[in-house]
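Two complexes follow with chain A in common, the first pairing it with chain B and the second with chain C.
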Partner chain A sequence: MKAKKSKGVETLRRRYGMAFVAPWVFGVVVFVLVPLLSTIWYSVSSVKLTENGLETTFIGFQHYKTILFENSYFLKTLPGSLTGGLTKLPIIVALSLILAVILNQKFRGRTMARAVFFLPVLIASSVVMTCMAYATDGEWSPTAGTANTYMDAINFNAILQNLNLPTDIQELLTGYLSTTFNLIWSCGVQTLLFVSGLQTIPSQLYEVSRVEGASAWETFWFVTVPMMGRIIQLVLFYTMIETFAKNTSIVNYALGYISDKLVYDEGSAMLWFYFMVVGVILGTVLFLYNRLILRRWE
Partner chain B sequence: MARRAGYKRYTRSTAGNILFFFFLAVAGIFCTLPLIYSVCTAFKPLDELLVFPPRFFVQRPTLENFLQIPALLETLRVPLERYLLNSVFISVVSTVLHIIAASMAAFAFSKSRVKGRTVIFLIIQFSLLYNSTTLGLPQYLIFSGLGMIDTFWVYILPAIPSSMGAFLMKQYMDASIPDTLLDAARIDGAGVFRMYAQLAMPMCKPAWMTLILFSFQSMWSVVPGGTIFKEELKTLPYALSSIAQGGIARAGSAMAATVALMIPTIIVYFVTQSNVMETMSTSGMKD
Partner chain C sequence: MQFKRPDLYKGADFARRWSVSIMRAIFLISFSYILLYPVFYMFSYALQSPADMRDPTVEWVPKEWFFENFSTAFGTMDYWASLKNTLSMEIVSAFLQTIFCAVYAYGLARFEFRFKNVLMFFLVLTILLPDVMLVLPRLMNFKQLDFLGLLGLFNNLTGIDLRINIVDTPWTFYLPSLFGVGLQGGLLMYIYIQFFKGLPRELEDAAAIDGAGPFKTFLRIIVPSSGVVILTVAVFAVVWHWNDYYLAMMYTSANRPLAVILQDFSSYIVRYVTEISTRDPRAISAAMAACLLFIAPPTIGYIIVQRKFIESIDRVGIVG
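== the complex of A and B ==
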């Protein structure tokens, strides 16, 4: 679109830039980076919780060897978590784009409709989910409330049972429904990003395509979608973070090691290994998208 | 802008419209069902909660579940208002600080050549993968090193540098604030801080309104982890979730508490929503 990006020096001098990022970077370093680096350290050492605090001794890549060659569960779960995230990705992006396009039209009750589709994001906080899991399942589970598992926590099948449908129909429905349900519940933020993006498309473009006689289908593919290029990139990134890093069985498995068994070293090794793989996939997807698709649109 | 009222931009046939709105309706049902269910359950009297087979809708709505909440919380050592006050304080303070820190950082990342900004930004993106449980132990060690265990800081400080906020703001500023506009402002004698406060911030109001919503939503539901031991520093969600631990007879009150917890977030949504979703201001430039 524009070639004049990043002439930043003229816009904002460097020292001001430093001052502006300082508070935030300080926070990131202390509360994110240092803890992150410590988990790397944990993953290559043997960690013991003692009365005097934490005792770590460096042991090299032993934990990585253990999880890759001895822990059969980890390797068995790995492909599933990755392909699961990858198959959800295009569906979520497409679904939220369609929803956003519909929600961007003028119709009565649009404000309400938008609120409805943002509801999952609003109410899907951990405590709400904990209480809901409790009330639908009838049993209390303290782990249900961790943000990782909130998707599982809303026991949609239990809600469905309360509708008193015939058993056959119910069984048929539950399979498809819980999948659909999870997908739609993952679309809230993405839809929001798309709707706000759609507002930035100049209406002249639609005028032109209408005058030129383009069909609605063509207008969608040749005006709306290319103009959403940057937003699609953002949505891809956000969705991958959500689908890969939150609530995948492998992450939950590793977190179980950390928070339940208190095995910090091996748990950290699992997470680092998994996130390295995810980082590579994330980078590849975004790179391919930029090279093959975004570049043509711009 | 000669669009007629009610003219649909994307489909131009009745069949298409029906299909679109059918899709909208189905997806909408999926989104609202859990909420309707919790609201219904919150108003169910005890005998309806225990009936088998369970019913979805409430037959004889009652306020009993809501009225029971204060009594159920009486066993806690601290009055309910204290938890409420804690939650409000934490949510508001950390949301404000987060928006300021994230938007300033995003402004610099987007519009200045800070040394190593690409690297910093890569690290941010990678750190998004990590969640709080993973970092729990090292963060605890840092807090205890800083002597902050059992203070409000453990809620507020980690929320300020939340990566997602800076990430979204930067993306938004890249797209919506033209460098030429800032240059023009500078020629007119505006300082950097003025550019940020009077140009950049008003222009990306939708972005930070969204962030207010996200940040409030996550902070409102914060439950103390292993870094808070004093009862009077704990949050409302913590107090309310303790109701749910009381067994099946309290299912109604647990749902009532859940519904009550949702209300502030939904209010914040409607307050910020008009800014989030509605037309963004034009950049003021002719490209």
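== the complex of A and C ==
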């Protein structure tokens, strides 16, 4: 009797869950799935633009063969697009968490600071960048830009030379610092996500750790970071999407096939192949994070 | 009850606080320089007269304040009309997504049902795939709005064509947003899901025991205790829609929003100021002024709402 009742409750909850997501499923089927299937279809057929629209004939995996064995640009850019994103990932997560913790503190000028660190959310990878590139004749961009002039301004290289470090280490340091500085442009959304995440930590936890006499460092590692587990996961996910799927040279190259050359078949094949690889990496990183780290914190 | 340190530590405490403040200031100012550089650049060039632009001694500070660039930018962009287009198409659909994505995300975050993993897979897929890939088939659908070919079938059977053309109407933006599959809809849902999963379940259980159904629980318990999340998602939705030019360019032919015009500013200004060419210093100054006019409204909006990110700290009320 009791078992039957609880089963009824579960069925009810299942139905309610479905009711919540039903409109979205409808939207996905109509506005995403149908276009999606047609791009898969394009990738295995030969597409011709005619007056009546697109004319397709099935040719099998011809395009995939072409991009894998004949298109040298695609194969050459593929590893770079993937490893570049993976090395940036830990720096971006750490930097944006530190920034969020700082912006969450109380200090004079915090409103100004928050407005400044909102700028990358607003203008990185937006049309403003196109305008800046046009005005500076392509000299300035968020990834290659101001860090070097800044380090010149504070005489960073001179300071390093005075320390009598070997040139290799000097170059390593300047290179590392300028990358970190330029990466700030990729941290906007992540920082804002962390700032919001910090608000959801109950203040009682901080009170307890203060009463117990924990130092700020210990509080950060044993309260803030574990409580941010899900948000760190979200930030990892977002950062990977941003570095792999948006604005990488390989995606722009494939999208160029579609939007400029109007070669739908080969362009779609490239994108599908690339996103399958990205999907595997994304899944692996999130799986490892969930298994090795998140499970221990929760 | 406040925990109070003994007076013995007062000196050390003072030194520690100051060193923290100074470190923080150095850190923030260094990064602010990198971030503010383009804004300084915009202000400097937007305020320079053509003579200043040609003068090599003028690098950052113009010799005279020259506001004509702003009025040129204003006219070229047709600012008020374009702003109205941005607000009526993009920003309305940003708010629609903020509301409806929350409902769908709650369903995915809190309930277990069959094929949920398949749905999560499709959610990630909608986030991963670029709009450029999907826009052409979608546009063909919008020209003869149909749902899975059902209306087409209806047309074949009865001869009554119910398929309407919604291209060039705001519905090309509203309709996908209502179903949570508009611009960046998947990502907004993903943000909601991660935050909803972190909410304490006890509140919902208590509501269920008191006899509230899931929809009532959502409206009365979840929505009031997720102020920060809703605000965050709203900020992202508004900014991403504000910046969207690709979809707007594909879906509209007249009545263009601000972002599309800014993207194509150099060609617009040639049309607006007849004797100007694209690399004319006046065109560059006007473009910088246009950028400032473009980023001003969302920046001001953010400065107003950012206070709320702190005020709602203790809204999530559960102890222990």
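The rule is simple: the second predicted complex is superposed on the first by the 223 of 298 C-alpha atoms of A that agree within 3 Å, B and C clash if a C-alpha of one lies under 4 Å from a C-alpha of the other, contacts with A are read in each partner's own complex, and residues count from 1 in each chain.
Operating definition for what follows: a residue touches a chain if its C-beta (ideal position, glycine included) is under 8 Å from a C-beta of that chain, and two chains touch if they have at least 3 such contacts.
Nothing here was measured: the structure is a model prediction, and the numbers come from that model.
Residue contacts after overlaying the shared chain place A:V101 against chain B, while chain C stays out of touching range. With both structures placed on the common chain, the touch criterion links A:V211 to chain C but leaves chain B unconnected. By the touch criterion stated above, A:T219 is placed in contact with chain B alone, chain C being left untouched.
Once the two complexes are laid over each other on the shared chain, residue contacts for A:I241 go to chain B and to chain C alike. By the touch criterion stated above, A:L292 is placed in contact with neither chain B nor chain C. Counting contacts as defined above, chain A residues 13-14, 16-18, 20-21, 23-28, 30-36, 38-39, 53, 99, 102, 105, 107, 111, 113-123, 126-128, 130-132, 134-136, 140, 145-147, 181, 184-185, 192, 195-196, 199-200, 203, 230, 234, 237, 241, 245-246, 255, 258-259, 264, 268, 271, 275, 278-279 meet chain B in one complex and chain C in the other. By the touch rule above, chain A contacts chain B in their complex via residues 2, 4-14, 16-18, 20-21, 23-28, 30-36, 38-39, 53-54, 95, 98-99, 101-103, 105-107, 111, 113-123, 125-128, 130-132, 134-136, 138, 140, 145-148, 154, 156, 159, 161-164, 180-181, 184-185, 192, 195-196, 199-200, 203, 206-207, 216, 219-220, 224, 230, 234, 237, 241, 244-246, 255, 258-259, 264, 268, 271, 275, 278-279. Chain A makes touch with chain C in their complex at residues 13-21, 23-36, 38-39, 53, 99, 102, 104-105, 107, 111, 113-123, 126-128, 130-132, 134-136, 140, 142, 145-147, 149-150, 181-182, 184-185, 189, 192-193, 195-197, 199-200, 202-204, 210-211, 230-231, 233-234, 237-238, 241, 245-246, 251, 255, 258-259, 264, 268, 271, 275, 278-279, 282. Within the complex formed with chain A, the chain B residues making contact are 1-3, 5-6, 8-12, 16, 20-21, 23-24, 27-28, 30-35, 37-38, 41, 53-56, 100-102, 104-105, 107-109, 111-115, 120, 123-139, 141-142, 157-158, 160-161, 163, 166, 168, 171, 174-176, 179-180, 182-183, 186, 192, 195-196, 206, 210, 217-218, 220-221, 223, 237-238, 240-241, 244-245, 248, 251, 254-255, 257-258, 261-262, 265-266, 269-270, 273, 276-280, 287. Looking at the complex, you find that chain C touches chain A at residues 3, 21, 24, 27-28, 30-39, 41-42, 45, 100, 103-104, 106-108, 110-114, 116, 119, 122, 124-130, 132-134, 136-138, 140-141, 147-148, 175-176, 178-181, 187, 189-191, 194-195, 197-198, 213-215, 218, 228-229, 231-232, 235-236, 239, 242-243, 245, 259, 262-263, 265-266, 284, 287-288, 290-291, 294-295, 298-299, 302-303, 306-307, 309-310, 312-314, 316, 318-320.
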